Structures are given as C-alpha cells and as structure tokens.
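There are two complexes below, and they share chain A, which is joined by chain B in the first and by chain C in the second.
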Partner chain A sequence: MEIGALVGIFLSVVLVNNFVFAQFLGICPFLGVSRKVDMAFGMGCAVTFVMTISGVVTWLIVHGVLAPIGRQFGNPEALYFLKYVIFIMVIASMVQLVEMYLRKFFPALYVAFGVFLPLITTNCAILGACLLIDMNDVYQRSLLKSAVFAFGGGIGFMMAITIMAGIREHLRFSDVPKALQGAGITLLTACILALAFMGFAGIGK
Partner chain B sequence: MTVAIATLVLFGLTLIFATLLGVAKEKLRVEEDPRIGQITEVLPSANCGGCGFAGCADFAKAVVEQRAPCDGCPVGGSAVAKKVAAILGVEVVQTYPYRPVIHCAARTEDKLGVVPYDGVKTCTEANIVGVTQACTYGCLGYGDCARACPFDALHMVAGKPVVDYDKCTGCGACVKACPRNLIEQIPFKQERMLVVACANKEPAREVKKVCKVGCMGCKACQRIFAELFEVKDNLAYLNYDKYTGDEDFEPVFAKCPAKVLVYFGKPKPEYARQLAEEEAAAAVGS
Partner chain C sequence: MAEANDTNLAQFKAGILDNNPVLVQLLGMCPTLAVSNSVENALVMGAAVIFVLTMSNLIISLLRNLIKPHVRILIFTLTIAAFVTIADLALKAYVFEVSKKLGPFVPLIIVNCIIICRAEVVASKRNVWRSLADAWGCGLGFTMALCILAVIREMLGAGGITILRDLGWVWHLDAKTFEPHAWVVMIMPPGAFLTLGLVIGVVNHLRAHGARKRGG
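Up next is the complex of A and B:
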C-alpha cells in the first residue's frame, strides 16, 4: 500500500506532471545545457541531487524548526513567512556543495558546466519542487513522500533534458529552414515533446 | 517579538549552513598552482584559441605544466611573454609576433582560365569542384579566410585576401580556414616582411598558362641571395630564420620576372600613399 503510493507519486511527477513538460519549470537549463547528451545527463544528475537534498532539508526545516518554534508562541505558522528566504538559502548552499564536490572529483564535468552550475541556484524547478511540497497536504504529512516527490522531479528533469539533448544532437545534421535555426527549432522541438507528454495526463487516477 | 524570533531563527540557520559550507570547502579543496591564476591575469583574455589550447585559462595551465612555451600566446606577443616568464621565473629570448601572410598575390584579372562558377560560394566548395580557375594552387577568392577572422582583420580586395595588420592578432583562424593552405604565419621581424606570394609548384611553362604573377622557379633570387632563397619544386622559398629585413632587395626585384616577391605588413608612409592612390584609381576604374 505504502510502496504503491510512493511509486504512484514517483511516476506522477516523472511522467504526468513532469516539471519541464507539464509545469514548464526549469526551462532555462533545459534549453541551455541540452546540446550534448553527456552534459545534459550530468546537468540532470546535478539537478536531481540538489532537488532531492533541498526538498528533504526544507521539509525538515519547516517541520523541525519553524513549526515547533512557532508552536512555542501559540501559532505553528507564525514563522512561515521565512520559508522563501530559507528555501533560497538552502538551495544556494546545496548548489555550492555540489559545485565543490564536482570540482574535486569530476573536473571535466565542472568545466563543461561552466556558468550553468551556479545557475542551478536560480533554477525555478528546484524552488518549485520545494514550494509544491510545501503546498501539498499529502507531502506535508510524510517526509518520505516529499523525498520521493523531489527525487522524482529531478529524475523527470533529467529525462526531459536528456531526451532533448538526444534530439538536438540529431537535429544538427538535419536541414533546418534558415529562419528556424537555433532557438526557433529548439523551442518547436520542446513544444512537440511537451505535447507528447500530454499523452500521460490522466494516468493513474 | 516575532521579528526578534525570526531574526534569531534565520541567524541560527545561516550559521549552520555557513559552517557546513566552510567545512566542505576545507574537505573538498582543490590544490591549484597559484601561478595559473596569475598567468591567466596577464593573458589578453581573448580566448581566441590561437595558442592551440581551449582558451586563456587552459593555456595558463599548460604553461605552468610546461606543456606550452612562455611565448605561446600569439595575441599578447613579446610583452605578455615577458610577464609570463617573470611569473614563472625564467628568461625569455627575443620573440617576434607571428602574423599571417598569403602565398598568392593574384588579383582576379591576373588569373587565367577562370570559369563562371554558380556553386556554393565558399573556397572549401570551390576547391572540391576544382575547375573554377586554371591555377590549382592559388587563391580561390571566395573569402573563407575573411569569414573565419574573428577580429575583422582580413578582407577580400580585388579577389585576394588583404590583411589589416593593425587589427590582426595572429590567432591563426585564417590559416586553418584556407583549403589550399596558402596562409602561413611568419615571424614579423620588421613592420614589413618580404614574402614569396605564390604557391604554384608547376614548371614555368605551366605557370604561365594559369597566372600572370606566378613564380617561374627561375632561381634569379637564389643567385643573388643564396643564403635566403631556396628554389625547390619550381617554387622559391624564403628562409625567415636568416631573414633580417635589412637586406637590399632591389636587385632581386629587378631580376624577378613575375614580380612574385611582395611586401606584407604595415606599409611605410610613402608606400602607403602610393597604395592609396592606386586603390583610388582602381575604384574609379571599376
């Protein structure tokens, strides 16, 4: 039962409510780093890591720090206005951590990411995941479900960006009309991909 | 009250994360040679790739690891080479900036056997097609080199590339772009350098059929300056190791039947005036 619910959450956020294709979050790195499959996959891994950790840590802070302290003063939601500030701080710290880790152990990936690695900080998909967890009653009650949701969001992003990179690698050899070259054909491809993902809507009800 | 608590909570959380990051920074520190940063500072930061490395930072790393020479930056020239050498604590010998010269001086009207060509107007394509002009060595004139130049220093004038040596940084993009390998980087020991502006290796009889200004391989230059010139495969080569630029080349100019020896580089003042007049006349003529 519990496992079934977790798998349901995972599939829902990976396929049905894919962050990129259904909720249109994280479009900037989706278009920016999807030129090569290996780089896109690396970016997806970094985003998955940051998103999972951020989701769990923000959940812990909201329920382990903000709510108890608020309860001491009568209202558990008294400090909830700090959420956004803390979310951003957590995400920024996690990105810094990933950056240091990559620089130490995967220097090639670090160089390849360039400016896009610090930009994960401002990747709206990650703040979006934290806020969606925060908004949903089901996730509010269970840390495990929140973690699965955040992890699934990252996996969904990785899948989307890797598919996109695969298509773009092939697109390089195709005869694109001059007016559509560059951003135009990329956005069209993303659009058709998003349409394809619409097919998952309604599954698992 | 709420404000005070909020401030405290935020302060506490920030402290925790700051400590975490501080510890992580120590644990995951990457040992990097400080000289790499210093050298990157003095490089021109053009990231043109002229040195053969992926950008200035990569070149700095290569220099520190002794995979590249101190004077490997063609854009910075000797000034930057001296600074790099100072950081590394080594001596640098006199270096000259390497700039491109073109081993073909044929204008459109000098070429013979030019046929109308309606294909893709790039040298790469024309070179594959191969029949756009009779000379199979010379410049095709479709300006791949001019398009490759990231500094707007190369322009097609009267069907041949002309380098603007004020803008040129010697990055070598044009050298790679030319499908006929006509562009060569030579050490500019003076503002103007003498160049054999032909690449045709056919015997004189064949050269005459395809070009008005092709090298005949007559060895006239070699007879006058045996040290400097060498004629090999019906084509004269100038040895830039021995070239100083102070030689008097007037007798060679007088003897050379095809006038393939020309000066490249920033022209002398009187020469520049003459060139401007010629160009003005050509503009009126066309």
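Up next is the complex of A and C:
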C-alpha cells in the first residue's frame, strides 16, 4: 500500500505535474541549457541530486528545528516566517557542500557537473520543490513521501530538458523565421510538448 | 545596454521598453508563464515584484560600499528573501484568494533572476536615485509584459476579464458572447508557452524593423 502511494507520487510528479511543462518551474535553465543533449542531461542530474537533498534537509529543518523551538513559545508556527530565508540558505549551502564533496570523492562527476552546480542555487525548480513540499499536507506528514516527490521532480525536470535538447539539436537544421529564432521557437516547441504532457492528466490520483 | 543619455529618466524608460526584463532580456520566465493566466494574478504579482525590487535595490544601493565582493550574492539573496517574506505575509493578509492562486510563485520571487540581475548590474554600483529609477522601470516593464500576456490569455481562454473579484471590482468584458467559444487551453500551460513564444516573436520583429528604419 505504502509502495503504491510512493509510486503514485513519483509518476504524478514526473508525468502529470511535470515541473517544467505543468508547473513552470526551472524555465530559465530549460531555455538556456537545452542546446546539447549531454549538457542538458548533466544539468538534469545535478538538479535531481541537489533537489532531493535540499527537499529532505528543509523538511527536517522545518519539523526538527523550527517547530520544536516554536513550541517552546507555545505556537509551533511561531517561527515559520523565517522559512523562506532558511530555505534559500539551505539550498545555497547544500550546493556548496555537494560541490566540495564531489570534488573530493568523485572528481569525474565533479568535472561533469562542475559548470552547473553554482547555477543551481538560483534555479527556481529547487526552491519550488521545497516550497511545494512545505505547502502540501500529505508531504508534511511523511518525510519519505517528500523525498520521493523531490526526487521525482528532479527526474521530471531532467526528462523535460533532455527531450527539449534532443529536439533543438534537430531544429538547428530547420528554416526558422528570423524573429522566432532562439527563445521564440523553443517556447513554441515547449507548447507542443506541454500539450503532449497534458495527455497524461488523469493517471494516478 | 542602449543608454543614449545617462540619466535617471533614461534608466527608467530603458527598463520599460528597450531593456524590458521579460520580452527583451528573457529574465524571470517562470513567474511570467505561471502567473499570466489571469489579469488579476498578473497585477498582484507585478505589485509584489515592484515592492521587492524597489526595497532590495534601495537597501543594496545604500550598502554598496560595505558589501565585500565575494559575499555579495549571499547578501543580495538574503535581502531579497527578507522583503519577499514581508510581501508574502501582506498578500496573505489583504488578497488571500489571489495569494492562494499564486501559490509558490510569491516566495519564488527570491530566486527571480530579474531582481538579482538588477542588484548586480545597477544597485551594487550606482547611487540610490539611479537604483530606484531602475527598480521602477524594470518593475513596471515586468508588470506590463505580464499584463500583455494575461490579457491575451484570459480573453481567449476565459472569454472575459475579471479583476479583483475579492474587492468587488468586476470588469467582465462581454462574457456572454465569448464564454461558449473560450479556448480553455489558453489558460492552461500550453497556452502560456504559445503566447509568450509568439509575443517574443512579435517584439523581435518590431525591434528588427525599428533598427532597420533607424539605420536608413
């Protein structure tokens, strides 16, 4: 039963509520880093990695630090106004930690992710995942479900950006009207992809 | 950066037209796509961004000689996060329904590239008045771009425009005629990508046209 619920959350966030095509999170890297498939895949992996870790860590901070301290003052939500400042600091420091850890223990991976890691701090998909977890009652009650949601969000992002890069590699050879070159045609392609992803609506529930 | 004459007014105008953050510089795409499904959302989001941009530019410009270069991004982000928290609480207090619809996109102003970009390019280098002029120019430019998209999407997708239902200001544009023919897809995600793509195409075309004319 529990496994079924987790698979449902995963499929829903990868396909139905895809971060890029349904929730508009992480559009900047989606437009900027989707020229080549290998770059896009690297970015997607780095985002998945950081998103899962920061989703879990922010959940732990809200429930393990903010709520207990708030309870001392008689209201668990007393310190919740600090959430946003704390979330962004957690993400920034997670990115730093991940960068240091990779450089020490997985140099090959560090070289592959290297360029993208600093960019991820201001990737709205990461903060968006933490905020969505924070706003949803189901995820508030279960750390495991939150982790699966964050991981699925990253996988969905990776899928979207890799598909887009694959299409854009072919678009280079097509005759695009001058005004639409670059961002314009990418957005129109994204429109068609988003239409296709709407076909997944109704799966799960 | 097209700055013919280096004045506060020029900076203000550049943010609205020549350097429009959304339509020309392609910054802040996520909120633009997500929030332009109705004019009401667009206006509230625009107001929140103008507030945060003004305050962060003001504070960063005042602190610009104290901020050490290697920690500047951290200080920018924390300043912005503080004002976003204020804006979020204010929206929840006064326009609760709209703030619920905006969902995570109000807190996501923290990582909005427009605000960090303005802090980096202008506020950390220029005086307070220049930074304020820039904040209002870019803020209005952002709001204007959002409203253009929102008007197109809401007219086609919902058949009429409804503003501030909470406060009782309803402006329904001939809904009876259009509603049965509304293209619902326009207020859904694909409509957002389509509209923004086409509007950017039109803007590029007009700019190329203008440049040709000026060139002779």
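In the analysis below, the second predicted complex is superposed on the first by the 185 of 205 C-alpha atoms of A that agree within 3 Å, B and C clash if a C-alpha of one lies under 4 Å from a C-alpha of the other, contacts with A are read in each partner's own complex, and residues count from 1 in each chain.
Simple rule for what comes next: contacts are C-beta pairs under 8 Å (C-beta built on N, C-alpha and C of every residue); 3 or more make two chains touch, one makes a residue touch a chain.
Just so it is clear, the structure is predicted and the values come from calculations on it, not from any experiment.
K.L.:
With both complexes superposed on chain A, which partner does A:V85 reach: first (chain B), second (chain C), both or neither?
P.N.:
In the superposition, A:V85 contacts both chain B and chain C.
K.L.:
After superposition on the shared chain, which partner residues are touched by A:C28: those of chain B (first), chain C (second), both, or neither?
P.N.:
After superposing on A, A:C28 lies in contact with chain C but is clear of chain B.
K.L.:
Thinking of the overlay built on chain A, is A:T122 touched by chain B (first), by chain C (second), by both, or by neither?
P.N.:
In the superposition, A:T122 contacts chain C only.
K.L.:
I want to verify the contact counts: of chain B and chain C, which reaches more residues of chain A?
P.N.:
C
K.L.:
With both complexes superposed on chain A, which partner does A:Y101 reach: first (chain B), second (chain C), both or neither?
P.N.:
A:Y101 sits against chain B, while chain C stays out of touch.
K.L.:
For A:C191 in the superposed arrangement: first (chain B), second (chain C), both or neither?
P.N.:
second
K.L.:
Who does A:F73 touch here: chain B (first), chain C (second), both, or neither?
P.N.:
first
K.L.:
First (chain B), second (chain C), both or neither: which does A:L132 touch?
P.N.:
In the superposed model, A:L132 contacts chain C only, not chain B.
K.L.:
I'd like to check the shared interface: which positions of chain A are touched by both chain B and chain C across the two complexes?
P.N.:
On chain A, the overlap between the chain B and chain C contacts is residues 81-82, 85, 89.
K.L.:
For the complex, which residues does chain B have touching chain A?
P.N.:
That would be residues 1-2, 5-6, 9-10, 13-14, 17, 20-21, 24-25, 28-30 of chain B.
K.L.:
Give the list of chain A residues in touch with chain B in this complex.
P.N.:
Spelled out, the residues of chain A in touch with chain B are 61, 65-66, 69, 73, 78-79, 81-82, 85-86, 89-90, 93, 96-97, 100-101, 103-104, 107.
K.L.:
What does chain C use to touch chain A in their complex?
P.N.:
For chain C paired with chain A, touching residues are 26-27, 29-31, 33-34, 73-74, 77-78, 81-82, 84-85, 88-89, 103-104, 107-108, 110-113, 116, 185, 188-194, 196-198, 200-202, 204-205, 208.
K.L.:
Quick one: in the complex, what on chain A touches chain C?
P.N.:
21-28, 31, 81-85, 87-89, 92, 121-124, 127-128, 131-132, 135, 177-180, 183-188, 190-192, 194-195, 197-198
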